[in-house]
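Here the chain labels run A, B, C and D in written order, and each chain numbers its own residues starting at 1.
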Amino acid sequence: MTAKLSADDLTLIRGERCLFEGLGFALNSGELLLLEGRNGCGKTSLMRAIAGMLSLETGQVLWNDVPVLKQRQTFHGELVWLAHRTGLKGDLNMVENLHFEESLRPQSGRDREAVYARLGIERLKRLPLRSLSAGQQRRVALARMLLADVPLWLLDEPFTNLDREGRKLVMELAEEHLAAGGLCVMAAHQDVDINGPVTKIQMQ
Amino acid sequence: MSDSGPQIPGIFSGLWATARRDLLLAWKRPGDVLNPLFFFAMVCTLFPLAIGPSPEQLEFIGPGVLWVAALLSTLLSLNSLFLGDFEDGSLDQLLVSPQPLPVLALGKTLAHWLTSGLPLVLVSPILAVTYRMPASVVPVMMLTLLLGTISLSLLGSIGAALTVGLHRGTALLSLLILPLAMPVLLLGANTVSLAAGNDIYTTGVWALGAYAIASLSLAPYATAAALRISNE
Amino acid sequence: MENLAMGNYGVYVWSCFGLTLAVIVFSDWRARLRHKRVYREIEVRIKALEERQ
Amino acid sequence: MWKFFHRLASPPHFYRLAAVFAPWFALPALVLIAYGVYAGLFLAPMDYQQGDAFRIIYVHVPSAYLSIMAYMIMAISGGIGLIWRMKLAHAVAAAAAPLGAAFTFLALVTGSIWGRPMWGTWWEWGDPRLTSELILLFLYFGYMALRGAIDDTAKADKASAVLALVGVVNVVIVHYSVEWWSSLHQGQTLLKEGGPAMDPGMLYPLLAMILGFTFLFGSLLLRRVRTEVLFRERRTRWVREMILSPEGS
């Protein structure tokens, strides 16, 4: 199955500021879109626009050549979004948090224990997330991403709060996802070293 | 990836999951459930202290006081309906989930009602007794509160969704919701008064029921639209 | 004069009409003022931009 | 036809047209209101129950009617703005709110002044219309407060449109529930519904006032929408060109 994410002529104005204008891209299965630029230059806004959460001044985002706003649910069933804020509940433990996500999104049926072990969080299952470090919480968010069965990954600053090893792991996971025919949009202000076809958008 | 495409869990799964998660959160933080109840009891205490303990007077104002207290305490708990989700980013995750947003909003509202409206209904007889409400009227009061709090939770979810993420959100929420909630209060309190005066009160109950059904079928859409707008 | 007294209700009737007039005039005056202010602000900003170029 | 609406909805076009049309609303308003006030105050016969105090209806009823109409306009244009993403519709909604609130306030105060000689009190909770009107005023306050609390205009437009649409459903419910409530506790009201037919000498001035107030509202609204459009379009080229052009505006 191949998938395609594309956009043309995206313009977003927030209040008085024009964050981007006439922006376009096309991304096919197995490709990575890298959004570069310093903080506050509109990477997150572009990511949110791709996810269909912002109303754009002009242009549209297309999934398999159909505007995402016309098939919001289908589109949302084919993506996970690793946002800056993890969206996990501090009062609940890892299993409870992931269980919630399972009820909303198609699941890949991967071996859970193996995923936990790979992310190094297999011992944290019964602890409330509040008591984990920021890096560990981010790993739980990564587990959520891996357990979902979706072609499109939206990764907003995935390296935040992670150590060198964690960063390497994220890059490996992204490479594997691309190799399996997935698509990936990544916003990062650091250097990213991922093998595979990469499109870059430099944002001002 | 299978060729038939991945299966998105059904809408009841989404409804149940959001409700279950919020109930679980309420279980881990019982204060959030208990505080509005204490508030309810305290507002009910204020009136005898302010007006005086004359039994006839208390019996007369009882239905109104209980209903006003219920409305205010629901309002108190509404502010946190979407706030926690907004702050930790799970609201974003709900917005990009493949489930219909009105269903998820309904799930959250259901959990809100189960943790704020329902306890209120269950506690109300104790306070009604202190206001010398006749035993025959108490079930009517509970019924009106049951139907009324459903409507209030649903109406309130619209207001909470509109004000989530705004500074000064709490005061604004009251300003938005109180005028919308006035018909519910009016119907509820007067129905109980009618019942206490041995008058025919069924009109009020039917009207409250109709209001609850109408808000059940319309409010989730408004809430969903408001959530998308607030979170842009 | 008798007509104006409105059979002892004059105070009420005239205050109602007077108040209505006052509110309408006030609201229109505020609207005009705001229009002028908005226009002036835009004018100042645009002229300043023009001169800089 | 569509083309006409489309052009009307374009901000520069509307901005120019509104300036042309505003006097065409103001003129009939002036004539009708002048006739209505004169005829209502001096020509219309006295009400046999209320005496001359009934003449207050000549300002009370048009205000009350406009208070509802402004809310409808607000909700409908909010809905149009939400569905068809028409920016002008949001500007209309934003401009209608303070006007509607002003007329609601007028309806309340004139009703209350009427109540003083009639009921012997400034405020009578038993009157369903006044009570509904008060709740309507609160709805306007809520709407304007929400608008004021959101900095981003586009977001404020959409959020307040949702609120207005929810509110408009509620206005109907408020009306009927308050009616029911006051039927439990008897009350006398300023304008009796289904009462005896009005004397034509009383009715015509009232109709003239209602029509005149409608035109007046139209002209006041046009002016406000114009300001709103100018403010919202302050960064656009047409505003720049208009301001730099020698004749200005």
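Basically, contacts are C-beta pairs under 8 Å (C-beta built on N, C-alpha and C of every residue); 3 or more make two chains touch, one makes a residue touch a chain.
Computed from a predicted model, the values in this text were never measured in an experiment.
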Compare the CA centroid of chain C with every other chain's and tell me the farthest one. A
Quick check: more C-beta contact pairs in A-D or A-B? A-B
Taking the mean of the CA coordinates per chain, how far is chain A from chain D in Å? 49
Averaged over CA atoms, how far is the centre of chain A from the centre of chain B? Could you give it in whole Å? 35
Distance in whole angstrom between the CA centres of chain C and chain D is 16
Could you grab the centroid distance between chain A and chain C? Build each centroid from C-alpha atoms only and quote it in angstrom. 54
Counting only residues that touch at least two other chains, what does the list for chain D look like? none
Mind pulling the chain B residues that touch 2 or more other chains? 232
Per-residue multi-chain contacts in chain A, two or more chains: 55
Complete list of chain pairs which touch one another: A-B, A-D, B-D, C-D
Mind pulling up the chain B residues that touch chain A in the complex? 1, 3, 5-9, 13-14, 16-18, 20-21, 24-25, 28-29, 84, 87-93, 95-100, 228, 231-232
In their shared complex, chain D is touched by residues of chain A numbered 14-16, 55
So in the complex, the part of chain D that touches chain A is made up of which residues? 85, 151-152, 154, 235
Chain D residues within the chain B interface of the complex: 82, 135, 138-139, 141-142, 145-146, 149-150, 155, 158-159, 162-163, 165-167, 169-170, 173-174, 177-178, 180-181, 184
Spell out the part of chain C that touches chain D in their complex, as residue ranges. 3, 6-10, 12-13, 15-17, 19-20, 23-24, 27-28, 31-32, 34-35, 38-39, 41-43, 45-47, 50
